[in-house]
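Here come two complexes built around chain A, the first alongside chain B, the second alongside chain C.
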Partner chain A sequence: MSAVTSVELKADARSEGFFSALAPGARAALFALAATAVCLLFTFPVFWLVLTSLRPASGVFYVHRGTEFTIDNFHEVLSQEIVLKALFNSFVISTAATVLSLGVTATSGYMLSRFKGPIPNTWFSLIYIFRCVPYVAWVLPLYFVTQQMHIFDTYWGLLFPHVAVHICFFSWIMKGFFDGIDPSMEYAAMIDGCSRWGAFWRVAMPTAVPGLTALAILCWLYTWNEFLFALILTSHETPILTVVMAQFVHELGMEWNLMSATAVIALVPALIVTLFGQRYVIRGLRI
Partner chain B sequence: MAEVELTSVRKSYGHVVAVKDISLEIKDREFVVLVGPSGCGKSTTLRMIAGLEEISSGTIAIGGRVVNHLQPKDRDIAMVFQNYALYQHMSVHDNLAFGLRNRHVPEAEIAAAVNRAARILSIEPLLDRRPRQLSGGQQQRVALGRCIVRNPKVFLFDEPLSNLDAQLRAQMRLELKELRLRVPTTSIFVTHDQVEAMTLGDRIVVMKDGIVQQVGTPLELYRRPANRFVASFIGSPSMNFINVNVTAHDDTFILAAQDVHLKLPAARFANLGPCAGRSICLGMRPQNIRLGAPTNNDVGFNGTVLVSEQLGDEQILAIRIGPDEIRIAGIDPDLALPVGSQIEAAVGMDHLHFFANNE
Partner chain C sequence: MTEKTRFMLALIAPAAVAILLFQIVPILTGANASFRDWTLYDPKRTWVGTANYVHVLRDPEFLGIVLPNTFGFMAASVACALVLGLAIALMLNRRFPGRWLVQTLVLLPLMVAPVIAAIMIRWMFNDQFGVVNAALEGLGFAPITWLTQRWTAFLVILLTDVWLWTPWFALILLAGLQSLPPEPFEAAQIDAAGAWRTFRYITLPMLRPVMVVCVVIRAIDAFRTFDIVWTISGGGPARATEVFSIYAYVESFQFLNLGRGSAAAVIGAIIIVVFALLLYRLLNRLVEVSR
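After this line comes the complex of A and B, so read on.
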């Protein structure tokens, strides 16, 4: 009888995998080790970045054995007008792109979730096709288009492409959020005196607030971190933080210390936004 | 308060016809239940009355006014949904007040109406809570409250008790009946549960494949089902059916199948005349069959015990007669009937139902 039981146990262990075959203590230890390794993997570059930003130019290559630390790098980058302008521009573009994108993606996602027919189908196909086009392939045509429209190197010249990309990417996520909301709530609202639009605006939208918040944060971070569009579609008139950061690599060499200091400054708003909406971001990423 | 009239109402999705020309008159303050299996078109019919589905043809009138092209909000109806459909971002009070606020009713009147509804449904302590903080039964009461607070012409119920557990469902059924007495309003109730239909409805509309099979009071449907489908759908356990051949012999009709030989007086069963020489379907309710030899007014048959279901207050016995299996209800729970034993059973002639074989 006991032989049979042990065979069954072994079979169970095999079927559930290596991890469950371990003793509970060993399992916990292994999990802790893996979690620590992942944490280190993600936090070490940030730690190194902060360390580099606090070192003088001469010490950036000897971070691990230097003892001299300074905040001069921050003073220097913040005294450069272009960096301040870029910070402001990046903030304005990210916020404006978020507001505009959400306005469109909310209605677009709602339409994709709730309506059937030729218009939603065509819209869905269009978004799908645009998503299939490699991101890089858009940049050069967009450069010519913005030149032709005389919006190159302006807020609008960068805003429109960002909003277009966000609509394609985030309409899907928004559709997922609305799919998760019971449509009978809107039907109830329509019976309770709302029009179709009223049911969307007064019932579906407030219910989708967690989803909208997650999208807003993702959208803001995406625009804040974006480099390629900013590099090609802007110039001296509208400097953007990611491009300005890259300009510390020039013909005379690389100013790692200044670049790191700018990167740390750029991290702060992103960190605040992420910490503020961590719960929503996780929810958004799950979809 | 209003009557509802459906005239040849049809709903089709492309080539698929979901509801086929339903005509129905629902009287003022009547409680009508639409019942049928999944996909029979009962919910679609309700949604067409509500204005949530457009109708393909026909007319729907509420209170004598054709509402075909009216928005749901202009039809003066209220609806309870299967999953309650409460506004999750509002308190219970605001859920109840939402419809009145949309109609720009003065706040003082809203407060009075909400309090009245809350009192009727005993949800006064819950008014400040959010829907997700309520149990299923409480949410259902709030959904009912949202209906009665507006004092609409018609209540529509779309399987409102389906999400509740059996005990709560029975309780809510009673509460709905009480509510009807306190707030008498024309009501249309959709369900797939024949017990709900029988207990709640003044009249029941049985539907199948988008077609109305029979309309009648619960007792009419139970006692005189129009066809085999209605007979099998109404009543629990459902009716037994045996295919029999009818032959006429002098003053009797013989209904015969393997192990079945029933003699019925021709004078009493004159309606079997046209069926002579053909095969028909004989129906008997499990509750109308008893164990033992037939008496004067009965017909009898023999069978083999297959299995017994013990319910405590009764046994339900499954027996085999020829190729058919039938059930007998209401058997003494203490009676021991071994599997495989031969038994004799009888059924009153008044309780025989006859259906065409193709129904």
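After this line comes the complex of A and C, so read on.
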């Protein structure tokens, strides 16, 4: 059987749903209904948030009734110093953490992928265990450790914990990317006189660029979205966006229009990635 | 030391230093703190042995509410997200017009910060002005004060978590479905197996390794959930929806008893690491099989 027909057959065999007893028209309608429901389910909360952020303060409590819309909320939020500072800080931290983590996890993942033996095995188990340890178990004491290192409430004090956690999360993924690259090119380079580092840097790394891009996107968003580290390891000096938002919920609990506007601003990178970086994200979602 | 060993060690050296300083050192500090009276009124931080552990393990709040909440949350969240995710994966595995759009929209929650998701859902479930209560009233039901009762608050938290994580299951299971070999499906079709039987006896068993890996990873992550619970209910009403991470945080930073909070954190860490190690072999074997 040729490859083409086998693929078609495969799609065919699985394209029967649960409702094969129904008439084809009813089946298609049911399917369309399910697909629509899924779309609605996953977008409605975001849609509702955007809608709330566009409502004036007077109309926010009856979002579903009014027809008045305004962008004043965004003006007001963006004129608050703390929000601007938090936006800037979150951006700097995410970018710096991505650069640092990528460098560190690329080498660690390469090592896991290319070598066998007690050292890679130990390293892998170590990473696995630290990936499982709940954050609170080491972020709580990190509050004191960073104070002793005099990096509490600074960029460094938040950056390094992020890098440490990214190592545990992304070394696996990086290993997967390198597993997918044939090492024979590296061997060829080494036979031609390239050092091990040269083979890694000049041959393996350029081939891994798609994987690295995927990882960079995930890493950046992950840091941008992170909450617990920022909550414990920062204070007034280095406000972080997620923490500022969560404080809004508890402090100005009634100003939902302002809060929604802040959340929508914080959501922009996620929307951009969903629309334009989808391919990369899906590639990075391996386990 | 051979040149190869040196190369291996050099590759992991920066990562190892980061892990040593920012995970191992804090974990040891926390373990140390858990044996001390680490409060504001005791500047000397007296060594109290296992008193903090005894306190936590005898605390009815921890045993009666926090642990059941944590494990209940873990089981319910993983189960719901797995079932929904599988259904969506099966849907996306078919070819239909608009498939790309559905997949894009499904991806969205994966990118959204849990804190933002929590804020959105909290607003939707607001007692007086939320859209959910408005809809209920429109349908003629009485509005529900979602966040002031234990079970409804728990349900809202669970819903947020399922919303956030179903896409993750869906996309990974979809990749799993697409990598299955076609032959068993052809054989089933030749034998005239119905759709349900094909799914039950072919798709499901062949997908099992991927599903197990997903469930293990997600269960471990669900155990430490913090952001959404903190933002939606803050552990309330009256600490009724506290999960393990919230308990450790509240003990440490609201009751300012870092010794006790650390003891709780260590207990949680031990529980989950033992759980994870037990699953490690299983995981390893299944990953080998699935490749």
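Just so we're on the same page, the second predicted complex is superposed on the first by the 244 of 287 C-alpha atoms of A that agree within 3 Å, B and C clash if a C-alpha of one lies under 4 Å from a C-alpha of the other, contacts with A are read in each partner's own complex, and residues count from 1 in each chain.
Here, a contact is a pair of C-beta atoms (placed from the backbone, for glycine too) under 8 Å apart; a residue touches a chain by one contact, two chains touch by 3 or more.
Note that this is a predicted model, so its numbers are computed, not measured.
Trainee: Would you mind checking whether chain B and chain C clash or fit side by side on chain A after the superposition?
Mentor: By the criteria stated at the top, chain C and chain B fit after superposition, with no clash.
Trainee: With both complexes overlaid on chain A, does A:P206 touch chain B (first), chain C (second), both or neither?
Mentor: A:P206 contacts chain B only, not chain C.
Trainee: Which holds for A:K116: it touches chain B only (first), chain C only (second), both, or neither?
Mentor: neither
Trainee: Now for A:H236: first (chain B), second (chain C), both, or neither, which partner does it touch?
Mentor: A:H236 sits against neither chain B nor chain C.
Trainee: Quick check for you: in the superposed arrangement, does A:L275 touch first (chain B), second (chain C), both or neither?
Mentor: Once the two structures are laid over each other on A, A:L275 reaches chain C alone.
Trainee: In the superposed arrangement, which partner chain does A:W138 touch: chain B (first), chain C (second), both, or neither?
Mentor: In the superposition, A:W138 touches chain C alone.
Trainee: Counting residues of chain A touched by each partner, does chain B or chain C come out ahead?
Mentor: Touching more of chain A: C.
Trainee: Which angle, as a multiple of 10 degrees, do chain B and chain C span at the CA centre of chain A?
Mentor: So the C-alpha centres give an angle of 100 degrees.
Trainee: Of the two partner chains, chain B (first) and chain C (second), which one does A:A266 touch, if any: first, second, both, or neither?
Mentor: Touch status of A:A266: second partner only.
Trainee: Identify the partner contact of A:V163: answer first if only chain B is touched, second if only chain C is, both if each is, neither if none is.
Mentor: It touches chain C, and chain B stays clear.
Trainee: Report, in whole Å, the shortest distance between any C-alpha atom of chain B and any C-alpha atom of chain C after the two complexes are superposed.
Mentor: Here the least C-alpha separation of chain B and chain C stands at 10 Å.
Trainee: Inside the complex, what are the residues of chain A that reach chain C?
Mentor: 6-7, 9-18, 20, 31, 34-35, 38-39, 41-43, 45-46, 48-49, 52, 60-64, 103-105, 107-108, 110-111, 115, 119-120, 123, 125-126, 128-142, 144-145, 160-161, 163-165, 167-168, 171, 196-197, 200, 221, 224-228, 231-232, 242, 245-246, 249-250, 256, 259-260, 263, 266-267, 269-271, 273-275, 278, 281-282, 285-287
Trainee: Using the touch rule from the top, collect the residues of chain A that touch chain B in their complex.
Mentor: Touching chain B from chain A are residues 182, 184-185, 187-195, 198, 203, 206-207, 209.
Trainee: Hey, which residues of chain C end up touching chain A in the complex?
Mentor: It is residues 3-5, 7-9, 11-12, 14-16, 18-19, 21-23, 25-27, 29-30, 33, 88, 91, 93-96, 98, 101-117, 119-124, 126, 128-129, 131, 134, 163, 166-168, 171-172, 175, 177, 182-183, 185-186, 188-189, 194-196, 198-199, 203, 210, 213-214, 217, 220, 223-224, 226-227, 230-231, 234, 244-245, 248-249, 252-253, 258, 261-262, 265-266, 268-269, 272-273, 276-277, 280 of chain C that touch chain A.
Trainee: Would you tell me which residues of chain B are touching chain A in their complex?
Mentor: Spelled out, the residues of chain B in touch with chain A are 50-52, 71-73, 75, 77-79, 81-83, 85-89, 98-99, 102-103, 146, 150.
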